[in-house]
Each structure stands twice: as C-alpha cells, then as structure tokens.
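Two complexes follow with chain A in common, the first pairing it with chain B and the second with chain C.
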Partner chain A sequence: MKEITAIILMSISIIVPVLAQQSEQDITTVQPRVRFAPLYIYLDSGNKSLAAYQFELKAAAGQIKIVGVEGGQHKAFKEAPYYDPAALANDRIIIAAFNTGSELPKGRTRIATIHLQIIGDAEPDYELKLTVAADADAKEIPAKISFEKGERK
Partner chain B sequence: MSIKRMFFLLAIAFGVVILLLGLLVPSLNRTHKFSTSQSNHFRRQIDESDGKLPPPPAGRMDWYRYEEAPPANRLTGGSEIAAGEKISRGMGGYNGSGVAPSAGQPLRSRRVGGRIVSAGKPLSEEAQRLEERRIHSGLLSVTADEIWVIARPETQAVPADEDTPGCGAMLAKLPKGDKEIPLPLKHTDVKGQISGYIATVDVTQQFHNPYDQKIEAVYVFPLPQNAAVNEFIMVIGERKIRGIIRERKEAEEIYRQARRQGYVASLLTQERPNIFTQKVANIEPGKNIDVNIKYFNTLAYVDGWYEFVFPMVVGPRFNPPGYTDGVGAVARGKNGISGQKTEVQYLKPGERSGHDIAVTVDVDAGVKIEEVKCTNHVIKKIFTSPEKLSVKLSSLDSIPNKDFVLRYKVAGKTVKSALVTHHDKRGGFFTLMLYPPESLSYLKRAPMEMIFVLDCSGSMNGKPIAKAKQAVTRALRKLQPNDTFQVIRFSNNASQFGPDPIPATPDNIRKAIRYVENLQGSGGTMMIEGIKAALDFAHDPHRFRLVSFMTDGYIGNEIEILAAIHQRLGASRIFSFGVGSSVNRYLLDRMAKLGKGAVAYIGLDDGAGEVVDLFYERISHPALTDVTIDWGNMQVTDMYPYHIRDLFVGRPVILTGRFKGNSKTTIRVTGKVGDLTQEIAIPVNLDDSAAAHQGIACVWARKKIETLANQAAYDNNPDLPDEIKQVALEYGLMSAYTAFIAVDSSRKTAGDHGITIAVPVPVPDGVRYETTVQN
Partner chain C sequence: MTEKKGHFDEDLELRVSPKLSEDLNALFKPQFSVPPELDRAIMDRANQRLVQRHWRHRIFHHISIWRIAAAAAVIIFAFSLNLTQKHGPSTSRTVLVKAQAVDIDRNGRVDILDAFKLARLIESAESTDKSLSPVSSTEQALRKQGWDINGDGLVDRNDVDLVALSAVRLDKNKGVL
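Here is the complex of A and B:
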C-alpha cells in the first residue's frame, strides 16, 4: 500500500506542474493574430487643383491601430501629413495637409498612406469621410475620397 | 514482494508514464525544435505565429544551421562571441536562462568552416585564438564542437570582452583605422530656430547599417529637460512616415510585433525628462533610416543673456546599491551588467564611434543682439541683421561629447515680448517671462547661513572637481562678517568641515579653503547623504539659509533625491551649480525649483569665478517674495507652476497657462521685499500677432506634465500617472507614459529582426572613463 501511495503522490507532483505549464501555453496561444498593412487614401478633385484636405478615418468593424501616417504620391503632398492627437484617443484619426505652392495635383491622386496594425482575423471595415477639400484660394472644392487596401493576401 | 504485487505496481507505473506522455506530447510538438521552456521570448514568437516556427534569424544564422559552412562574407564572429560570452560569464546557464542544454535536443549547430570571420574578413590569427579560447571555455560542459541554442535574448547580444567589438557584437572596420568599432549611428543633425525666448528644434538621427545582416539600432541620447517633443518622423529613402503618439506600453508592444514580423519600425521612449531611447528595427544591410524629432523649449534668460543648450551625450550615472530603475553606465558591449532599466554604453578612451554632429541655430531676438558666446565649442556666426544671427558648429568640433551652449546678450533690460500667446480650437495659451523689479538691485540682503555641498564622487574627478573647488573657494571669500557657513562633501558618504555652521571670520574662511583644497573625487554618488547632511540640522532663525550644491548630477535615482528635498527643505533655499561639460540639467533644475532657489552652470571652459560672482551679485539683494498676479481681463486658468517662486535679481521666471480674454489689458504683479510691498504693471495686447507662437500650447502641456511629474516625486496619488498620460496623448507629447511609434507596413523585410546593436557614446569631456564606467 505504501508503494501505491508513493506512486500516486509522485504522479500528482509531476502532473500538476505539467498541467500548469500547459494552461499557461493555452493562455498565450489564444492571443489574436496581429498583422500590419497599409491603407492607401485617394482623393479625386476632378479638374480642380487640390491645395488642402482634411479627412477622418475609423474602423467601423474589426480592430485596428494606426501606427504611422505617410504622405502622398504628388510632391505637393509628399510630406507626412499631420494628425490630431486628441482625436486619436477616440479610435479615429483626423488627418490634414495643405500646400501653398503652385504645382498642385488634379484628378485622382494618392494623398496619404495610413499604416495599420490589424488585430484578429476579421477583415476591418473602414469608414472614411472627407471633411473638406480646398483649392489654392482656400475655397472648398467638390472631391471624392476613397481607399485601397494594401494588404498582401 | 510477490510477483502479483510487482506486476500490479508496474502496471500503475506504466499508466502514469502513459498519462504523462499524453500531456507532454502536445507541448513538445509546439516547442520540440528549440526546447524553449525557459525562453518567454521565443515561446511568444512561436505562439504568435500560430504555432509555426519563425525562420532562423539572420543574426544567428550560424547557430541555427545544422551542417552548412558559414558564407565567407557573413558577420558571424559577433554571434559566436555573444554566445561564448554568455557561457564564460556563467549567467546561470549556457543561454543565460538558467538552464543548461541537454543531450537529445534537436536544434544544434556546429562551428563548421573552421574559421571565424568578422566584417567580411577572417580575423587575425591572434584574434582567432582568442575566439577559440573563449568559445572553448564556454563549452566545458558541452560535447566537442556542438553548440546548443535555446533562444536568443530579447535584449542586445553580448560580446566577449572589451577587446572585441561590442554593442550587439557586430564589427565594422574604419577605412583608415585599425580599430574595430560599431557604427550603427552615422550622424546627428540639429537645426534650431529661436524666436524671442522659444526655440523650435529639429533633430535628425541618421542610422545606417554597414553590415551584411539586418540590425536593430538602439540609441540612448539626451534632449533638454524642458523639451516638448511633439513630432517624430521616420524617413526611409524619400518616404516619410509620421510616428503616432501612444501609451508607452502599447507603443512598445506594437514595436515588438513589427520588429518580430520583419517590418521597419522605430520607437521613441522617454527614460527621464532629459534621456530618451531611440530604437530602429529591421535596418537592412547597407540601408539608411533617418529619424526626425521636433521639439519646442523655452530658453533660460539670466542677466540679459539668453542660453540655448543642446545636450549631446548622457553622462555616466551612479545608481545606489539595490536600485534598478536607474541609468547604468557600462563599457561598450557590456550590456546588462549594470542591472539598471536603462543602460548607456560608453566608448573607451581613444575609441571613436564615427558618429558626428552638426548644429545650426538661427536666432531672431526681436531686439539687437549685442554679444555672442559659445565657450565649449568652436562656432561660425553670421549676423544677417542686428537682431538676427545664424550660428553653425564648426566641422572641426563635431564630436558629440559635451553640451552645445550658445549664449547671446540682447539690448535692453527685458525681452521685447515677455508675453507670448497662441490661440486654437482648444482656446488660448500663453507664456510670460516675469522679471524682478529693478528696485531690488538697490537693496542689501540679510545675514546668511551658507551651506556648500560638494560632490566628490568619481565622476567629478579631474577637471570638474577642480572647477567646483574654485567656485567654493571664491564663494567663501565673498562671505560677509555677519554670515555663517559650513562645507559638506559627499561621495559614498558625507562628511563636513565642522560640526555646525561657523562665523565667516577670515581665519575660519582660510581653514575652510584649505579643507576644500584637499578634497578629491572618488567613489559613488550617494547624493542622499549630502542632502541629509545639508538639510537635517537646526535652522538659525536669524539667517537666511542657502544651500549650494556643486555637482554634475550624474545619478540615476533622481526621483529619490527630489522627494528627499521636498521632505527636508524647511526654511532652506537650494541653489544648484551644475559643474561639467554635460551635466544632468534635469536634476539640477528640479533641485533648484523644489528648493525655491535658482540654478547656474559652470562649464569646463567657463570661468568659475565669473559664475560665482554673478551668483553673489544676485543673492546680495533680497528676493521678491509672496508673489501674486492679477491677470486683468485675461481670465487665466491652469497656470504652471502653481505657485510663483521668489524672484531674484537678474533671474526671471517663466509662467505658462491658459486664458480666455482677447483684448488689451494690464497684468499686475505684487510681492514683498521684507515688509515693503512692490508692484509691477505689465501692459499686454492679446491680439498682437507678433507675440504669437504655435509652440505655446505644447510648451504649456509640457510644463503641466513637468509639474505633475514633480508632484509624483513626493505624492503617492495614484491618479497622477494617468493624468500625465492624458495630457501627453491629447497634445501629442512625449512623457514617461507615452511613446512615439512608426511602422512601415507596406513592406516586410526578409527574415526576422536580426541583431540588436546599442550605439556606444563617448564619456563627456572632462569625465574619466575609469572612475565612472562599469566594465
């Protein structure tokens, strides 16, 4: 009987730490997948020259974190645009840029790239809203904003 | 024992074994290749990649390979050295994780190829022998030429000894030199623009990877203690990615993920208000990545002189025994040995990192600039108009080992625009430089009890202590017959000239000067002992007690010291003198502010007598005390500092706050000089666009953060960190609780993050490496 008790106790003493380790690993494995991807923002100002813009972006579904903001393709908007840090606290980003030069883009142009961290497997839905687009005289101009996902599948 | 019983026991034992195997197999399936049970780092890496093993990291390619010989041009010496070092240093096990490798673990590598190469070239025969010896010494418990890798460290790889290149154990040869030194940071470019008393500074750090493997560069660097860092841009070729301000832990986690997944990323964190860490991950071989940081700060203004300071190097800090939240000072390549949360690696005397610095400063003073001084650097200056000046650091003086201090004197007794404002959607912000009334300079002071506290630690050894002794000697000679004095020295402990303050008789002063002349610098910087000795004795109610600290401030436990000053100050006033070429201005400024006194700096090329004379001129007149302000129609709120300190002759104070008014008004400042009441009237026009500056909102937010952080030094209010964090996030500013992160998600580099390389820095000019750096 003594031998059986010894074996059972020994088994428990070995199993408990193993189970603890196993449960620790289970906790770490349930962390959601994290990936990084760019989101390209385009603005089409038709035949008007684009001198300034402001837009707002947020994820309507899915979890994202903005990890960088890059400028656009035209040299007038090449510099990294500014964002409003106060707005960022509410899980959205407000981005704005302007250029006072004479060489300004017309038509469809990429105005910014938003670098994102995407958390989880769900594909995020983005809500993109153009607040204003303006010409060199600071007059509001009609424009259409759109985005393209840059994530490689 | 019967046969039946034996079978019964065997059956139970067999069952237990089966049960254990059943439990262990899934776990082994997950980790079998690396035996990583002790490596949280690697386990996380596996888990986060859905159980898939990551590719072997480039920086450790040789260790992960089974049979392949190392390619001829691969930098493998460092990797092998790093592992060898861990063995030889006996950090509790082969990989520093406390667990020795055991037979049967499948991941292993051989030292194949027979030679260790470095910088693409085979090492010399002697170096080969050294490498052989080092590696072999670590293999005492390992079979022949097999080397086991359990995991690599999260932090930097450690080189073998000081003769081998450190900082991640990678080497590069200077084209004309025979010394092998790491070169992860190529150049720092500083462009300052000064308008009135507000500076806007752009700092560009140019990181470069000269190696044939990916690297992560880590650079601990200083900025002014009142810098409001609000912009961070990572530049990759022509692309510019603006960094995002986030909670520090969140930013660190994003960086860790991006780094691990192979994305180029950079992270800026604040270790102290004047010490920052820059990390840049996944710099590919031969590639450059620039990081641009922008900040605003207010300039000091003393006796008609403005002072613009750009610190270039973090001085080697002393941390008291048992303290781990400090800033360690270690020799190049000896990362981790200080046991401190932040660590700075220093180059040995005679070594040069190749990192240089360029500084240009454009000044628009608004009034005529009468005189310009830069005592510790060679500069070129060009006046574009009587009010405008352009200053450039000479290319012959580009080693970043001392503070760049530019002083310029302007015409008139006050600045042109004492009040500077900024309006935006958040409302109005202002800063006001408040001057003491002219009449103070005609009044004489009351008797004093002067306490001189001299830092005699190892970092002060040499030129700094000589300067400090000159200053104290000069100050002793300036004492008046009604004064009393005491001289206290501290290093590992504190001792003093006499048991109590004694009258300033000529004989006592002579004896004290002899005492000061015999002081030497050595040992640690137990500043707390100096604080206790200076503040913990009965105050003479008939005298104004003034405590002068002469120190470089090279300590890592600043918060403890500031808390002690707050607790023990009593009726004393603290005047801190920073002595040296690159002093801890954060500590000295805060000591003076908490001590309701003032701060002065004595550079190694400054005349100590001149600084002390100015100081004595100031304290030879009474201060304006009990200062209150009537803001007129400004409707001021959130003013910092909360309480206006005493105003000394020649030493204005800067106030910052928010306001709602927008018209002409008059600010009235009232205070007491002894029993007399004094009033100063300052007419202001809040609509004056010439007195506007876009950085004022950031300056205000930074001042609020500083005030809250000061309060946190002695107040256990658990809400303070959150409050600091909220302000920093709202205004996009660096703080102890926020960080800037930038990730280029558009391209993943091949492999994982490679080897971490810390940027070693020179010890500040005049500081002795031998007495300050842990080796």
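Here is the complex of A and C:
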C-alpha cells in the first residue's frame, strides 16, 4: 500500500511541474505582441566640439529590451560605442565614446542609435541622463541630450 | 527380441533388500542423540533469522522508493527554478575590478573621461617617443603611475578599453537615475 502511495506521489511530483511549465508556455504564446524600434540619441554641444560623452538610458514606462547599439552620425563617433554587454536583453544601459582626433562634431549631432524590442502595446517612455560631455582637451562642457523614437518594425 | 528387452533398466529389480537397509542404517546412524530442545532452539533461531531478513528487505525496499521519490522531487524542483538559465555575457570581473581602481583623473569616479585622458596620454607618449626604443621613458612613467591595467607590461589601447568598459559597467551605477 505504501509502495503505491510512494509511486503516486512520485508521479504527481513529475507530472505537476511539467503541466505547470506547459501552461506557462501557453501563457507566453498568448502574450502581447513584440515589435522592434530604434531610438536615436542626440547631443547638442553648442559651439564646442564634442570629443567624449557618456550617458545612461533606462525605461521609465513600458517593457523594453535593448537588442543592439550602433554608433553615431559623425565619423568621429561612427564606431560602436562602449557599453556593458550585460545591458543587452536588459532595460537599462550606459553608453560612452570618445575620439582623440581633431575632426569633431559641433552643435546637435546623433551620437548613437539603440535598437529596442518593445513588448506589449503600451508606448514605452525613457529616462535619459547625460553623465558627462567633454571637448578635445578633456574638459567638461555643457551639453543637452535628447532622443527621437524611430520607425517601428 | 527377448534378448534385446533384457537391456532396459525398467525391467531390473529396484527394490532394496531389508538386509542392505539394516546395514546402511547401522553404518550412518548418528553416534549421539540430539535432544529435542536443541532441535527446537535451532529451528527457532533459523525462523527468527528468516523473519529478520524478510523485514530488512521490506524496509530497504520501502526506504529506497522514498529515496527515489525524494530525489525526483529535488531534481524537478531544481528544474522548475530554471537553474540552467544562462546570464548574458559579461566582461571579466577580475580585470574590471582592477580597472575600477583606476581613476586616471583622480576625481573620485571612473567615467569615459578617465579612458579619454589615458588615451590622450598614450598618444602623446607615442608621438614624443616615436624614434626611441619600444620601452620608452614616457611609457615607463605611465607604467609607474599604475596604468598598466591588464598587467601585460604595456600601457596601450587595451588598458584604455578596460577603463572605458569599467565606466559603462551596469552594476557600478545601480540606481543612478
């Protein structure tokens, strides 16, 4: 009798998690739609040349995942900037870049493009904070950071 | 025909004669008699042993089933916790810890300006020591400052990259915004 009880308990302990996992999978298949969109980051350094920058982005509302990071518009920042690879598949990222050359952008320029996966129908909102911007002499300069939402795919 | 039949065993006389039986009994008869108490004690002992073995077997069998059930439950629980889930790639922690200790401009924080300043120092060292030996005096000075982050004996772009990666590390500035 006890053997039968043990067998029944064992069967339950195997079947229940499998069923639970299956139902979880069913839920994920019913989950809201997923879309991809780029987020363009701009920095306005006024009449000063921009040689280095660092900023942090995170989702303030909505559910996003960072899927890729691209360099900027000007050739001084064309290469992919520095970022922690752990930020991918996350909703927060710190991005930074510098250029020791003499050809540097001035005014408003696109410094990076962040590719996002947006989960659900809610329009995400972002918090963007400029940590530092510097000129060719590595001196901090006042600058204004902003973003533009790209076309959805 | 009759001659042939005589060879079969079934036709042989198999009965033992009373004389032979008597002789055999006399030959193999025990020298002493076993008291019935001893006989009974031996039987009891044997019975006890058999019963013990039976119960031991049953208990072992019972316990092993519970062990299997418990092991299965533990394995399933571990799987339900999704322990196999891998975390995203991350830069080498030991190297980053070292990079974190390097605050090039000594302003109390490691940011991209530290990497930028180190890159500028390396570039200026390279331009002034172009014609000199591979281990120039400027490079030695840079090393003395402790800016050979990866410990490869050179202060170069790899060290700059480590400082920059340390600046953008996520777990460094948790809750900055």
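Criterion: the second predicted complex is superposed on the first by the 115 of 153 C-alpha atoms of A that agree within 3 Å, B and C clash if a C-alpha of one lies under 4 Å from a C-alpha of the other, contacts with A are read in each partner's own complex, and residues count from 1 in each chain.
In this section, a residue touches a chain if its C-beta (ideal position, glycine included) is under 8 Å from a C-beta of that chain, and two chains touch if they have at least 3 such contacts.
As the structure is a prediction and not an experimental result, all values here were calculated from the model.
Undergrad: One more residue to check, A:A89. First (chain B), second (chain C), both or neither?
TA: both
Undergrad: Determine, under the contact definition given at the top, whether A:E56 touches first (chain B), second (chain C), both, or neither.
TA: Only chain C is touched by A:E56; chain B is not.
Undergrad: After the superposition on A, what does A:K106 contact: first (chain B), second (chain C), both or neither?
TA: So A:K106 meets neither chain B nor chain C here.
Undergrad: With the two structures laid over each other on chain A, which partner does A:K144 touch: chain B (first), chain C (second), both, or neither?
TA: In the superposed model, A:K144 contacts neither chain B nor chain C.
Undergrad: Could you give the residue numbers on chain A that contact chain B in one complex and chain C in the other?
TA: Touching chain B and chain C on chain A: residues 3, 7, 10, 14, 21, 82-83, 85-86, 88-89.
Undergrad: Touching residues of chain A toward chain B in the complex: what are they?
TA: Residues in contact with chain B: 3-4, 7, 10-11, 14-15, 18-19, 21-22, 25, 28-29, 31, 33-38, 65-71, 78-83, 85-86, 88-89, 113, 115-117, 150.
Undergrad: Hey, which residues of chain A end up touching chain C in the complex?
TA: Chain A reaches chain C through residues 2-3, 6-7, 9-10, 13-14, 17, 20-21, 51-54, 56, 58, 82-90, 92-98, 100, 127, 129, 131-132, 134, 138, 140.
Undergrad: Which stretch or stretches of chain B touch chain A in the complex?
TA: 9, 12-13, 16, 19-20, 23-24, 26-27, 30, 37, 43-44, 47-48, 50-51, 233-234, 238-246, 250, 254, 257-258, 261, 263, 265, 729-732, 741-746, 748
Undergrad: For chain C, which residues count as touching chain A in their complex?
TA: Those in contact with chain A are residues 61-62, 65-66, 68-69, 72-73, 76-77, 79-80, 87-91, 105, 111-113, 115-117, 119-120, 123, 161, 164-165, 167-171, 173, 176-177.
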